[in-house]
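Once you've had a glance at the structure underneath, I'll fire off some questions.
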């Protein structure tokens, strides 16, 4: 169960994660052709459900990226289906308490560590010795994105077999009474997020964050972040389409 | 059968056309949200076939763009299916002779002008008085993309009810023994394409071209072109994904 | 975030709602072409899941109907996915207690009102200023369809930010020990449903009901109902197919 | 290779044919539940292509109707694919000459009768002894829908192994300079169509027609027609939806 | 609501169950063509979700097998959707307590027995008198696959309206600290499973098991098992592909 | 444009080809996991069309097999679409004359060798320097499967840039007045097929054949064949399902 993400982390480097919100094997494959370390299928806010996710996982398999999935909610059914389908890790939204973290991680781990049901239909086909290796390989990232989660962070970080946390700055801002924003510039946000980073690293766990722009992300790696997401395919495509059209319109827009 | 493309042309302006090669209603809808005048579904080199094309046409219907389709080849079956599905025009590849042009246009026109079969299943639902208006509304653009087509251009332009031509610079270059390229800088290519433009305008027809970059396109409008395509969704998405990843890697690429 | 349903309600009129149970963009678009005020995608008893629902929402976007969705169950994952996908409201089945109502409404509202996660991938593309307006626009209708719900109605109606209730006569009948039926004629049913209507209106909330036939519905509007569903696409299509075939068979059915 | 259509014809009765234009297994299955003798998948004007057609054929298999398909055009690729997929007959549009009829029928018949390629992937699974029985079972109906076809009718009817003709009144009207219409009342149309019927029956072949309404169809059976289509699923659904909405609006339309 | 599985059980015989993990109507239909008594769609470890499951159910309807579905988890939303879609029974994973069993069975039964919501959109179309017969026909099999479940077996078996249990030997082995395996040879496993069988039969309920090979399964019938699954389509296809390739390679593998 | 098939041929060995008739990325990926040298998507008799074929090509890309496609018929539209989608070769059915062979090969080759249109949307993404290498890499195999083709074989083999031929024993048998069969034992068939092999090898071209069983195929390699297909996924799956069920039924079939 070789995984580029594990290799990057073994080298103590920050991983570049691509984000797949579009239920299209074509945009997924194009993304997989880029120099990302991992790809995350977004089944929460992305426009993707299980059947699409399976097809996306198949379409990107040949490109050597570690495939993760963000689930819609902390529910064992969809978590286990995605792992059986070949995802090597799960990002779970809205983990606010240690109990929720334990329930999430338990769904990702076979007994005696957890309560994951055995039946890795696709994972067993594409990874050798899957059952033997799964528990030690599967990445589990709990999203820290509310004030409540920040308050409970020590307990969450103590969850056995949790790989790390993934900061959701948009929801965290909302929870703090601010409008949702990525690549935060607000000092209060910065303080809270730095606190999460410090505690997570002190606990020996990985810390990731949802971001937008490369300069912000490169800085975050230097601050200690281990896993940074470069926008989403929806944002990247929308911005690029808008820029081309705007340039044409600014140049005269069809006027003779 | 109101159509933004017809309005733009009635104002003697150049139309900005978006190009849909990805079989995804999500990328199609995002494209339709931009300030394009028309959208073309590419069933030739695009990764789209009829069933996808139908879904794309439905997904973009609400955004007021004129929808055209490029067919895989000059075959009446697929031409008529796309018109019945709601496309207001057809771009037909590899029209090299007047006979081919007549066969193409005939497939788009009801008798007595042509041999299109009547049965506008979706078109009849979404456009009032479809049968009455179709023959005068449907756009037919013959692709001029070989030396043979250039040689036969006068005869092709004389085809009754042909709306105009669409220059395919990639294939035209190949046909002239050059590598395929858009936004040509080669003087020989420029000469040939200008010849096509002049003849087409002299014949009172519309002249379009497949392009890449806004500055080239804005110039083309000023030279007289009526219909310019801004790259394709595949190129736009690939370039944008590559640019973000490259920027991150250049900034240190995950190094602490 | 202009919405025809809100306009109808602002005029104190009863809204006509169409019901989409068939996972087909074609039947959805045909339905959207009719003079409905809103359309509800049924992910509970309908044959539709998330990926289909997304495509249906895209196919009907251009026709100016307010799009709602009925979810399979009171689960935050699918509720939030549908809102992110562009639904402007949720009908939630089997709301039997105030606690369930609070959990439902909370999933539809951003903090501090609720716990909806921020990430309106498609909603943010198609509605301007989505985050700012969402909480005040999203429609939340709790289904009242058991004796228990009727017993707890006062508490359910007191749920902050609940838009109203949606009576499910079929399940309500079953819960009362009767066979499931719409457009009820049973006096006991009529009494219970009138009680729901009176309490709901007294609480200043909207009251909807699942119906079959226009005369019953027109009466219901006059009694005070605000939102009436005209059968479902499955029922309408089945009845129409059966009627045509029956007429042919009755006329001799293929006999010479 | 038992087939209800063959049984109906063996009893010298007129067959009732359902028409599937919607690419939905749900509407197809609902249609198959009705008392039709046969069902035709429309790949010409219908919104269906091969992959959808395969799924529709699978969804209706259990209901004992004979499944035919109308192809987009007289092309051997799609004709053979549909037969391999399990269609027991083909309706081919726009057969205007004996040569076209021979090319069509040849694509439906194995050597030495024709040039159909052997490889009945699904047909061989669902029908016993398929290769042995196919040539004598496959139904081939040539559409007669232009003045040219009427002029060439004797020669077309002489095509070996042709099962019969299918009158397309819409296109025939267009070809005669009239607007497209079904269930014609125009005496000139009636004369031409009666001529087709008489010649076809005299040649010992089957005669079908695309229709709308049961009374017209029941009359047509009595005149000698063997195969009558009751509108299409699109028309039936659209009319039924429109009728329900119109009734509600007429009854007050949401007014209190 | 005729059902082959019920007939087999009425004759006190063991049923042969096929297992559908591949989201393809083609493999599903091929499986349905074989001499199975029932077919189970696997939405837990299989690569199938609701929308695929619906299409699979439609594709196999004509072949007279009783259709069951295994759900991803004990959640009422998906259980009810599958029943509404036409499944005649549900296998629910990981039933470890009587409370979980009651929640599962309640989701499958209309009031007053349970809390299933009424709206059998497809089931009502394909089964006559569905509401009247459903409660007595729907099969409910609780998976016994953990040590905890074995410990609680008496209480689980006492659940009103539970049809029986389905042994999951893979997870049961994991729960007992062993690697997952089917067709167990381990004596400790054999003892535990025999205990489940004896208690289940003593309670008058049906006992099923997930198996691999016909000899093991035929033995199990003789021991008293009522419902045996022959591997899965994924395993059967993978093994058959591998065997053919291995034979070719062993015979020289392309060497001249 | 590295290709395992080209490597096998460069080593003068016979290639083992897998055959994909099922439109499922799951069965395709399972097949791609086996030790095949190439995989052919069958768009002729297989249950696959373009959109499915694209998804299958994406799903198998990571497994290092050379991907070919058999087209439904000798039509440039679908040939070019499949090459643009990433197929590295085309098998074309029913090539009976030199003219047909030239038309087929021309559709696969850019000018000046042929008339393929330039626009390798997916091929250009996944293969470096595609335009430069395509003409020399694309495999073109003309199916020889009629008596007419055998008669015209010398002329067909003289087609410039033709890679070789692919014997279709089923259709060849039909053309010779015999029932369709693979792995022929008939001496007359054997003589004709050996004649094709000898002429093809003498012309320096590759010779392939559609087969069923490994022993027959291993022999064929030794006789000189270069490319052998091991049944199809449909046959392999059907046979394996039937064998398992038959074994269970033979062992007592559910009897106690």
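Per-chain numbering from 1; labels A, B, C, D, E and F assigned in written order.
The definition used in the following text is that a residue touches a chain if its C-beta (ideal position, glycine included) is under 8 Å from a C-beta of that chain, and two chains touch if they have at least 3 such contacts.
All values derive from a computational prediction rather than experimental measurement.
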Partner chains shared by chain B and chain F (touch criterion as defined above): A, D
Numbering shared by both copies at the chain C-chain B contact, with half separating same from different: same
Most distant chain from chain F, judged by the mean position of its C-alpha atoms: C
Chain of greatest Cα-centre distance to chain D: A
Length of the line joining the C-alpha centres of chain E and chain F, rounded to whole Å: 38
Centre-to-centre distance between chain C and chain A (centres being mean Cα positions), rounded to whole Å: 34
Touching two or more other chains - residues of chain C: 23, 26, 30, 33, 47, 49, 51, 54, 75, 78, 122, 125, 234, 238
Touch-based graph of the chains, sorted into line, ring, star, complete or other: other
Which pairs of chains touch, using the document's own definition: A-B, A-C, A-E, A-F, B-C, B-D, B-F, C-D, C-E, D-E, D-F, E-F
Chain C contact footprint on chain E (complex, rising order): 49-51, 54, 75-78, 80-81, 84-85, 110-112, 115, 117-122, 125, 131-132
Of chain B, residues touching chain C in the complex: 25-26, 29-30, 33, 54-55, 58-59, 61-63, 122, 125-126
Residue numbers on chain E that touch chain F, as the complex places them: 8, 12-16, 18, 22-24, 26-27, 30-31, 33-37, 47, 214-215, 217-218, 221-222, 224, 230-231, 233-234, 236-242, 244-249, 251-256
Residues of chain E defined as touching chain A within the complex: 21, 23, 43-49, 51-52, 71-73, 75, 78, 93-94, 145-146, 168, 170-171, 174-175, 177, 179-180, 232, 234, 238
